[in-house]
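Here come two complexes built around chain A, the first alongside chain B, the second alongside chain C.
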Partner chain A sequence: MIAPPKPDLVTVNVDGKEIAVPKGTNAIEAARLVGVDVPYYCYHPKLSVVGNCRMCLIEMGMPAVDPATKAPIMDPATGKQKINWIPRPQIGCATNATPGLHIRTQSPQIKDCREGVMEFLLINHPLDCPICDQAGECKLQEQSTGYGRGYSRFIEQKNVKPKRTQLGPRVMLDDERCILCSRCIRFCKEIAKDDVLGFIDRGSYSTLTCYPGKALTNNYSLNTVDICPVGALTSTDFRFKMRVWFLKQTNSIDTESSVGANTVVWSREGVIYRITPRRNDEVNDTWMPDSGRELYKSVRAADRLGAVRVNGAASALDLAILAAVDLLKAAAGAVAVVGSGRSSVEEQFLTQRLAATLQASATLVGRVGEGDKLLISADRNPNVRGALVTGLIRELPATKLSALGAAIDAGKVRAVVSVGEDLAAAGLSAAQLAKVAIVYLGTHDNATAAAAKVVIPTLTVFEKSGTFVNQQFRLQKFLKCVPAVAGAHDDLVVLTRLIAALGAAAAPAELHALWAVLAAEVPALKAITFANLPETGLLLDATPYAGLPFVEGETLHYKPAAPAAAAAT
Partner chain B sequence: MATPVIVERKPLTFAERTYVPQILSGLKTTWKHLVKPKDTLEYPEQRPAIPPGYRGVPTLVKDPHGREKCVSCQLCEFVCPPKAIRITPGEIAPDAPTGHVEKAPKEFEIDMLRCIYCGMCQEVCPEEAIFLQNQFSMTGYTREEMVNNKARLYELGGTLPDQHFKWDKKKDAEVHGNDRH
Partner chain C sequence: MPAPQQRRIIFKHIDEPGYTNDLACYVRHGGYEMLKKSITLQPAAIIDEVKRSGLRGRGGAGFPCGVKWGLVDRKSGKPIYLVVNADESEPGTFKDRYIIHQDPHQLIEGIMISAWANNVKQAYIYIRGEMPHGARILEKAIAEARAANFVGQKILGTDYSCDIFVHRGAGAYICGEETGLIESLEGKRPYPRIKPPYFPAVLGLYQCPTIVNNVETLCHVKHIVEMGGDTYAKIGTPNNTGTRILCVSGHVQKPGYYEYEVGKITLGELLNEVCGGPLPGRKFKAVIPGGSSAKILKFGETFTLKNKDGTSRTLTVEDIPMDFDTLAACGTMGGSGGVIVMDDSVNMVEALANINAFYAHESCGQCTPCREGSLWMKKITHRMVHDQARSEDGSLLKSVADQIAGRTICAFGEACSWPTQSFVAKFGDEFKAYPETKNAPKRDGSLELV
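Now for the complex of A and B:
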């Protein structure tokens, strides 16, 4: 890999502290590096700079030079080069670091400026905080406390604007709360490439709206809700559901495709209320698709499996393991294991062990959709590469289990262990399912669960910790957000017990202990522990798999190395 | 070790030996209390006068126009030290008379077995919707009975005067407010 060129560093002076920053870093980011908070609304690190909120005003100065000779002018009082301060404040977001740049963020002039800007922003802002979903994570609340005047001089009537404008199926606009920062407009234009939002009218009557005949329907629309610094844009799904200060934040991974967008899952008392993106500049910046935000609904879905079943009758885990072992031993030599690209790396490792114990072949079910070139890739399995790394599979999975179906028809396979895959959806017919004894470990009810002799309910991604390997071969961890629903068993426990009951050496079912085994046995995961895996993930060596025809096309921060499968064939 | 101090017991005087002064002084106290006004009340027939600022059972109140004041901001739920309050937020339909308020509790429960009558819910409420009023006695035969639900809280709370009519003013501004351009 070619190392990126070292960026030019320039020294800037923030409130008297010198710091070296890459050239072109703006004053807000430079101040952040020395621990100075410059308030802002419209600036966003991943969007273009417009400078229309005026909150980030700073004083700016450059070292003085003689205009004629370009010789530095020294200040006799200090013996250093004189600084020429610009008399009027500048906006920090559009002030880029140049050698010798001096900025002041704490002067009386700047305090005055911030108070003035806050006062103007609050003129028409409604007193909605008790009913506003943004309360608790609202920049306007925080900064009016931190930098505002503290009292209002406004005695006139506030403007009244529409409170419930539906911009799209998932986004609701409260016009009164909007402070016209234009982040949502820039997001749609620059990131989502779906230019639908704009301002109409002038002055205090400016209003955010969709272009005539258009709606904010793209699959990234909820990112506008995330970046809205106030409560103007709200998610119709989360609206009025829960106040954010009650919610526990747990880091997780979006499982809908192999992009592996980093997410935060917000839950309270075992109930998940929303999913938002988590910044990872190497994977998803600060964005995530809308479709990934609804995945939490599967945890409490009506068809969630809640009881161990053996031959259709409710049973216990111990009995189910015994029944499964009986079935698998009866069909010894004719067992197939179907793993899942949705399982975590740890589960795939245990699935591989299970297959080895049973001397069975292991397959995965491929899921191929259309990539949107942003944060949903063509491979809709989050962890196919994890199966490659752990050795569960050697080549990329097909979308249909036709080989397995043929083997069943030929009588070569008499028992199937499915770790989380619906065999019927993967192309096996009802007749084929009826011919084999199925041990099904899964989360939701489906045709495979109905046909299975042994059904063991397992956990969704929100109820367990683990790791995924995304399309960049980046190992990323997700953490348990909520307790498991009643009756569901940890996948790792079920798999280790199944392996132990089949007579093989037992692996630890506890995640951290299992990682010690993984690090010892899987060469690619050497010296990694679950605890020391960084929050932003860890790139694994992808060279052993460079020849495989991965299906992903280009997405944000990812360029396919090999030509895509469709192009190759 | 310190040497033990022997306290000398004085012999009783003649008056003391007769016990008469002691009996008389005891009787004096008895008779005094017999004729003195009573400190106790014949509860429950008689009820004590409740001083202003008394912190009784927390209740939800309506404004003089009958609008439920709570907007389910859940600050009381957050501040409640014993976690006695449980609110399920809900939305007001846009076409309802108070549709402009947008938010109201779907359910509001205060567990009176947990409540410590601290009054922080009243203090924190930005809408002046929850008040600890004069009722001091909460009884019930089951734990469920001791949880006041929304209907019961409004029944206990009744209507209190309002000084702001914040939401009415808002609606007023919406109807006749600033003309556009």
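Now for the complex of A and C:
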């Protein structure tokens, strides 16, 4: 990897503390680096700067120089260079670090500025916090506590605006709560490239709205809800469901595609209520697709598998393992293993072991869609690269299991272990499914589960911990958010027990212990432990796979090494 | 001492019998001779003349025109645009419209000279939406000038080309703010831009270097070329050169527009002698000297100003010369030249209610203090006049205004808070007493506010 160019550092002074920051860093970020909080609403690190909320006002000064000689003017009182303070307060978001920049964030003038802005923002705000979904994560609440006066002098009638405007299928707008920061407008224009939002009317009667005849339908619309600093934009899925302070936050990964957007899963008492993006400047910035936020609904879906089945009858895991071993031994030499690009690195490692134990061929099912050039890539499997790294596969997977189908027809395969893949959806006909003995490990009911001799329910990504390798070959971990539904078994447990029952050397089913094996046996994962894996992931060496025709096109923070090859056939 | 005579340079032909706004009449009166002269001069020489003339912008801020031109980024390789601010919308100001209606070619000549001086290939006139007639006149005048090769391709047989487009606004005060105007010209909401980084001289129209000048300012450029910067600088007073048009409205006998050398006439002379004094039986009470956003002056107050030699002088309101610097030293501004006079029949709370209603209506709504503060001030004064008034409302108004001024993206923050700040500071008693006085019968039987 090429080292990033060394940033041009300049020294700035924040409230008397000196700090070196990259040139151009704005005053808010510079202050953050020395632990000083500069409040703001409209500023967002990933959006353009408009400076309209005026909450981040700071005092700014530059070292005084003689205009004629350019010699520094010294202050006799301190013996240091005199600072020329600009009498007008400046906005921190648009004040960029230049050598010698001085800022003051705690002066009486700045205190007064913040109190003024807070008072202004609240005079026409409905103050309906008790029924507002944003309560608990509302910048207006936080900053009025931190920087407001705590009382109101406003005795006039508040402005009346629309309370329930459906901006799109997933986003609801309460105009009275809106503080007109324009973050949502800038997001749609600059990130989603779907410039449908705007203000109409003027002054305090300004109203956020959609362009006539348009709606906020793009697959990134819920990011506007995330970045809305107040309760103006709310998610139709989440609103009125749960108070945010009751929710437990667990770090996870969006499994929609090989982008691997970092997420936070919000749950309470084993029930997931929403998924929001988690900032990772190398992967997804602060965004994620709307479609990825609905995936939690699969956990409690009606078609979720909830019982071990052997030959169609409810059974127990121990019996199912024995039945599976019998089937597989009976078909020895004619067994195929179908792994999954949706399985974790750990599961793929064990799947590879299982295939080796059975001396069976292992394949994966490729999923290719259209990339949206932002956070959904063409490869809709989150972890194909994990299968490469663990040695489960050497070639990129085809989208259809035609070769396996042919082998079944030819009688060369008499038993199939499917780890999480619906073989019917992957192109096997009902007749082909009927010809083979199937051991199915999966989360949801489908044609393969119906046809399988042995069905063992396993876990969704929200019920287990593990790792994925995304399109950048970035190893990222996800954590268990909620307990498993009744009747489902940990994939690692099932796989290790299956391997052990087949007579091979047992691998540990416990994640951290398994990682010790992974680190020892997989060269690319050498010296890595699950516990020490950073929250923002770890880049693995991609050079061994440089020749493979990966299907991904360009997305945010990802450029394919070579022109995207045509979808693997 | 009688009041000095008007010196009509810009308004020389305004209201002149027989003077029409067509090209033939303008040429008959020596029009476009200065453009012909300018095109033979080096652009830098014209900029130098403008710098030496000391011409200050007539739009409101009084920023030196030559300095403004000097700030333009000429090294970027991007085209330079000239934008003419004809969005004259400051209440009390009505000078540019007369130039546009009666002498449009003077403006066009000024534009073309300034364009040549600054290597501008495209100029825009942004005219206020409420002046459709002015826009039609300008369109016709530009077409005439284009036909006569004063405007357009290869003007006057040279290799220099520059065209002028007229763009009509949609009726918003904020479009007079130069960066708001630029946004509007680009087809967007006229939200003023943050400065830094969007200084028009560097990142203006279409992110190119842009000069935004007032109509009257550009007309002066023609006369600076005619008489030379040094001669022009002798008109008026030092640092306040040239003439300027004063638009007097309100309670005087003869309201109207008057052109005087800057600083050569005092407010007292203007109001009492030129404008014929107050209406019969009335007395002057207050005057806003530079458009409604300027701070009000109260008759009877005095100002002690420092002279250059260290001594000081005391001025009454009547003594104030109408120049940029003295008005600024008296805590107000020359602004756009709109002199609004109020006599003793005016209740200052009601007058402020009117001004506040205007600014609340015109705030663009982009930044918090102005958006919320201007409407809050309007709601307070509206309530005082039409509903329950409280004696503490005056101090609340001032406090709200103090929370706006100096904290906004553009100068609208000052424009909307200065009236309130100055009204309350100078007429605080009236605000305190208003809960009682508002219910007292009107002494002259005049109409109630509706």
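Keep in mind that, in the parts below, the second predicted complex is superposed on the first by the 566 of 569 C-alpha atoms of A that agree within 3 Å, B and C clash if a C-alpha of one lies under 4 Å from a C-alpha of the other, contacts with A are read in each partner's own complex, and residues count from 1 in each chain.
The criterion applied here is as follows: contacts are C-beta pairs under 8 Å (C-beta built on N, C-alpha and C of every residue); 3 or more make two chains touch, one makes a residue touch a chain.
Note that the structure is a prediction, hence the values are computed from the model and not measured.
Considered on the superposed chain A, chain B and chain C are sterically compatible, since they fit side by side.
For the combined arrangement built by superposing the two complexes, chain A sits at the apex of an angle of 90 degrees to chain B and chain C, based on C-alpha centres and given in steps of 10. Contact with chain C, but none with chain B, is seen for A:Ile179 once the two complexes are overlaid on the shared chain.
In the superposition on chain A, A:Gln157 contacts both chain B and chain C.
In the superposition on chain A, A:Ile131 makes contact with chain B only, not with chain C.
In the overlay built on the shared chain, the residue A:Tyr205 is in contact with chain B and with chain C.
Legend: residue contacts after superposition of the two complexes on their common chain; A:Arg54 is shown touching chain C, with no touch to chain B. Legend: residue contacts after superposition of the two complexes on their common chain; A:Glu119 is shown touching chain C, with no touch to chain B.
When the two complexes are overlaid, the chain among chain B and chain C that reaches more residues of chain A is C. Look at A:Lys241: by the touch rule set out above, it reaches chain B but stays clear of chain C. After superposing the two complexes on chain A, the shortest C-alpha to C-alpha distance between chain B and chain C comes to 7 Å. Across the superposed pair, chain B and chain C both touch chain A at residues 157, 159, 201, 205.
Across the complex, chain C meets chain A through its residues 172, 189, 191, 194, 196-197, 360-369, 371-376, 379-380, 383, 396, 399, 402-404, 406-409. Interface residues of chain A, counted against chain B in their complex, comprise 126-127, 129-131, 135, 157-160, 163-164, 201, 205, 239-243, 245-246.
Chain B meets chain A in the complex at residues 71-75, 77-78, 89-91, 94, 100-103, 126-127, 166, 170, 173-174, 177-178, 180-181.
Considering their complex, residues 49-55, 57, 87-89, 91, 94, 112-113, 116-117, 119-121, 123-124, 153-154, 156-157, 159, 179-180, 198-199, 201-206 of chain A touch chain C.
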